[in-house]
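Letters are used for the chains, namely A, B, C and D, taken in the order the chains are written, and counting of residues starts over at 1 for each.
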Amino acid sequence: MTDLKKLHQAILDGNAKASAEETAHALVAGVDPMTIIEGTMIPAMDEVGRLFECQDYFVPELLLSGRAMKAAMQLLRPLLAKSGAQPVGRVVIGTVKGDLHDIGKNLVASMLEGGGFDVTDLGTDVSPDRFVAAIGEKNADIVCLSALLTVTMPAMKTTIEALERAGVRNKVRVLIGGAPVTLQYAREIGADGYGENANAAVALARELGKGTLRP
Amino acid sequence: MSLAIGSLSEFLFGHAPRPVSCGRGLELGKGTVIPEINFTLPAMDIDEATWPEVRRLYAEMIEGVCKRAAELEAPGLLVEFETLPAMTIRPEWGREIVEILATCLHGYYEKHGLKNALRVTPNDTRDFLSPSHMRDGQYWEAMAQLFEMSAAAGADLLSIESTGGKEVCDEALRFGDLRQTIFGLAILGARDMEFLWKHLVGVCSKANIVPAGDSACAFGNTAMVLADQKFIPRVLAAVIRVASVPRSLVAYRMGAAGPSKDCAYEGPYLKAIAGVPISMEGRSSACAHLTHVGNIAQAVCDAWSNESVQQVRLLSAYAPIVSLEQLVYDCRLMNTAAAGSREDAIRLRDWLVESDAALDPQAWVLRPDVVLRIAERIATEPTPYLQTRVAARCAIEEIASAHREGRLRVSPQEIRWIAKIEREVAQLPGQESEFIDEMLATPVAEKFLPGEYGIESVASR
Amino acid sequence: MSLAIGSLSEFLFGHAPRPVSCGRGLELGKGTVIPEINFTLPAMDIDEATWPEVRRLYAEMIEGVCKRAAELEAPGLLVEFETLPAMTIRPEWGREIVEILATCLHGYYEKHGLKNALRVTPNDTRDFLSPSHMRDGQYWEAMAQLFEMSAAAGADLLSIESTGGKEVCDEALRFGDLRQTIFGLAILGARDMEFLWKHLVGVCSKANIVPAGDSACAFGNTAMVLADQKFIPRVLAAVIRVASVPRSLVAYRMGAAGPSKDCAYEGPYLKAIAGVPISMEGRSSACAHLTHVGNIAQAVCDAWSNESVQQVRLLSAYAPIVSLEQLVYDCRLMNTAAAGSREDAIRLRDWLVESDAALDPQAWVLRPDVVLRIAERIATEPTPYLQTRVAARCAIEEIASAHREGRLRVSPQEIRWIAKIEREVAQLPGQESEFIDEMLATPVAEKFLPGEYGIESVASR
Amino acid sequence: MTDLKKLHQAILDGNAKASAEETAHALVAGVDPMTIIEGTMIPAMDEVGRLFECQDYFVPELLLSGRAMKAAMQLLRPLLAKSGAQPVGRVVIGTVKGDLHDIGKNLVASMLEGGGFDVTDLGTDVSPDRFVAAIGEKNADIVCLSALLTVTMPAMKTTIEALERAGVRNKVRVLIGGAPVTLQYAREIGADGYGENANAAVALARELGKGTLRP
């Protein structure tokens, strides 16, 4: 059990190397993979989330803990039954056509991943067609559009129209965000939700997953 | 290299060792602080169909701000036109807007005697390709063309907010990785600046206009915005600001003359070292970025700006007119204080400084005394990399000691970051080539094309 | 009556002879200048269907400004809620918004220690009837109800921008008729103020909250806006500003305590005479009114305000957050200067004054020295009418002599108006009753109901 | 002729009494009414307009000159043939429902009158129905709507809709204005024009009268 405390700490510290090592030790010592995950790793990530929420941790710490968690999972995944944990949902995310701002979008993507979503990041300057294609390929539930320029905001509308034309609009929930975007705008273009920041994005994606829409 | 500004009592708003004359009778750094206004489109598409409306909007914006500037008897007016991507990718569009703006400005000079100049800042579109092509390809070609066309169409100054090195800095900022940030700034950024500004100074000297300056906005301001959202620590953002100075300095080494870009909050360092007049923004640009350096940013400015505001209607008038009015009153106050005596100018400067400095490390590193101390150290180093290394080291030292002495408040969560940054800075190699080799061996190398920064040779060494 | 402020060196921002404590730990006039923020809806209908959205918007606005005020460690925050007509006519709606705002403010005081208070300013709807009923009828009833409901729902201060006399002033302003304007201000306005503020002070003392103050906005600011559009001369607008002082003073005679309303640019006079803390606006409220008194209006303020801004999105954040941030930085500067010494506070005050005063007569009459001189003359007169007469006379004298001495610039077209105004002022009767009889004999009498101002008796005398 | 110079001056001075007196003198002296109007009064008002344009005159001077002109006209009108000057157009103007701001509207109304329009001012807080009724009664060509509050701007749209419902929309040109109003908004709600200030309002009304619409 002492070893698992070290794993806990390694995740909190965002130390991927130590995290993998401690996981390996535990496995060698015969600890059940599900015990490692549920007894140690998930509580550790919950703790990280809490520290971030109360603004004790910053994003770098959050991301590094995420990496440490991933490093451990890499060892555990092959040992878990195929029927194991399903992702909470499948998300396709990108910055719309004409826009290269991606820092906010990347944060949203990371947080969604941290929140258990399976995230496909299409990058920046993504055309409506590429969104349509990716939804098909990835069988996505949620599409996240980001825009930081007032002159690329209209591309959000164009993208939603393309989803309609392609007949996939009602298969997905569309979530939008970025500094100039507002709830009013989301309503105007018929998006399903608007998130003010990355935390809101995760909460919202969860809500949408449950089929409950924002007003 | 010694500093252009020798002492704290010469480090004042409105006065720069190397003043700039530009446009129609406008002088910067010669004793009077001038408002610099920037405006942009409201939410809308830019395409063939909307283009006439885009033209109408720019004509409406420039007329509005000129009219108010004349009514308020502004001591002069610097107008910045930052292009939007569509106008750089299709430079003919950018040129059309330059012409609209220049025509109006000429008219106001002739009819109302409003001294003015037009700064054109094509936006850097080279990262539309990934990995970016910095020195060739369609984006570079179009951008280069826009510079020439703008010069011909009535620009009086050229600027850019160049993005060389951003490919690696974006990720670095997210992970709070100072080492990687410095690689982006001091190795990639500085090399790109050299290439770019050599070109730009050439364009300007042919057209006989002013090569103004660049901004480390893609680095320093991204960090500032992330810190404001509490995503990264403010101490880190403060260090990155200072670490961006050597990169921005390159423009002046290559022949740029200022005024620096408003959003280059590293401006005071540029003024101290290169002696150029600087444009700054602070509370005046809350419309564009919220900030924790609202007053201190003003302390030694030569132009005072709003960064950028959309053409949206407020209760009184359109937002650009509102911004312009606020800038004019701010300038009036500075110029009135300075008209009294040098002591009075220093007093106002110091109140602007003291009102912010203790509350945020990002403000602390803009204190004129801190700036002079760190600038002096930067100036003694021979290369951008070594300058950046010392800039980062001095910045964290200044922050740490001010915090220890109780003069600067650092929030409890950030305190552990001071030590972390000190460690990272201490580990930066003394040799540039060593640093490059080391970084090229990491996954960072996949993010950019070394050749675009002229560094194959070093790597293959 | 002697002035509350005896000398120029006591006439400072942040300090008032009769400070006010209100809300949650907020103190005005006790040494610190506080930001006062006001915000309003974007373009939209207010009706049953949109009401949930209206509520949501107010909740969003108050949360936004409180959050930023806490982040910037504002020394306190005064929030003003000016109702829109639909919310006064249906006071239950107004009450709901008061509750939303108060709840948020309480939360920020408890969680973040943000000292704050809520000023509620129902808009005066009595002129929805024409001629207006000032003391009865559905509009008065609803408005009176809203005052009580607001007090119960969490208002810490009550204000109004009352419109008594506006019926005759609107036309008078258009025709540049000073005599008729003075009738509206000094005869009708002052009487209505007496009635209204007696009532309001009663409501406040029952609820143990602060009766703050009124504004001659419907007169002085209408004139200012007309002058800015070059529709009426600035000299006239300046005289009307000073002539509005006695009307606004009535509130304090009836028991109001301040802070005065931001848009009452007559504030410095109110402070000088009644000693109450004043709220002012200037360049900070360019979002609401463009102005020629952007700096000088700040010189002796105790709260510093943006007047009003819509919830529209700017590049950084919603406009109210942007305004709040700018106010906080302005207050930081004033409070930093004042922390040095009284001399420093005076210096900053004087720069604010000198930067505007010479350029516009409307600025000139806000000079602290001019204010004290005229205020002294006002204070010696026994009635609002005689006070107004002397106020107008002194104002035009000050303008004329400053212009003669070359200290104030008056534009060539306005010069003939100086003599015209002097003539009109000289012709004002020495007896109030004479003035009333005279005016009641003109078509002006058709514009209002004398009984609503309690003046049949005089007329039938 | 000396007397007509005095009339000219009386109009420039905005002196209604003198203007009426001088007109009476001229009539007694046998001057032809049309000569008085065309030879003196119209040139005088042109001069007033010019002085206002170049910002030498303020609105009060403009309005007082208008009054002086009216005082003279009162004497002349009965002497003119019925077939005399037609108004340039018939305007109905008002501040929309819920809004009491009328200073701007009044200025616009005065300027339109000065510009030769026949103006019916419905006052403030005017409901769509009252606009509809007035158009019928006055056989108006142009309807001018003013709004100063962001929350009453939408009433401009409602008013235009009421005109449509009442079937009078294509009989009139709708002109809107007021501080928060913009050209974009005018387009959005299908108004025929937007005027930034009173001068623009007159120019625009003239243009609309000619059947030429703004972009």
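A few points about this structure:
Here, a contact is a pair of C-beta atoms (placed from the backbone, for glycine too) under 8 Å apart; a residue touches a chain by one contact, two chains touch by 3 or more.
Computed from a predicted model, the values in this text were never measured in an experiment.
Chains that count as touching both subunit B and subunit D, per the definition above, are C. Chain pairs A-B and A-C differ in how many C-beta pairs they share in contact, with the greater number at A-B.
Taking each chain's centre as the mean of its C-alpha atoms, subunit B lies 40 Å from subunit C.
Rounded to whole angstrom units, the spacing between the C-alpha centres of subunit C and subunit D is 33. Computed centre separation for the pair subunit A/subunit C is 51 angstrom, with centres defined by C-alpha atoms. Touching of two or more other chains is recorded for residues 40, 310, 313, 315-316 of subunit B.
Multi-chain contact residues of subunit A (touching two or more other chains): 150, 180. If the chains shown are joined wherever they touch, the resulting network has some other arrangement, not a path, ring, star or complete graph.
Chains touching one another, given as pairs, are A-B, A-C, B-C, B-D, C-D.
Contact residues of subunit C toward subunit B in the complex are 40, 68, 72-73, 282-284, 286-292, 294-295, 308-310, 312-317, 319, 321-322, 325-326, 328-330, 332-333, 335-337, 340, 344, 347-348, 351-352, 354-356, 359. In the complex of the two chains, the subunit B residues touching subunit A come out as 40-46, 84-86, 127-128, 130, 170, 173-177, 222, 226, 229-233, 310, 413.
Every residue of subunit C that touches subunit A in the complex is listed here, in rising order: 313, 315-316. Here subunit A touches subunit C in the complex through residues 150, 179-180, 182, going by the rule given at the top.
Those residues of subunit A that touch subunit B in the shared complex are 55-61, 63-64, 98-100, 102-103, 106-107, 110, 123-125, 149-151, 153-155, 180, 185, 197.
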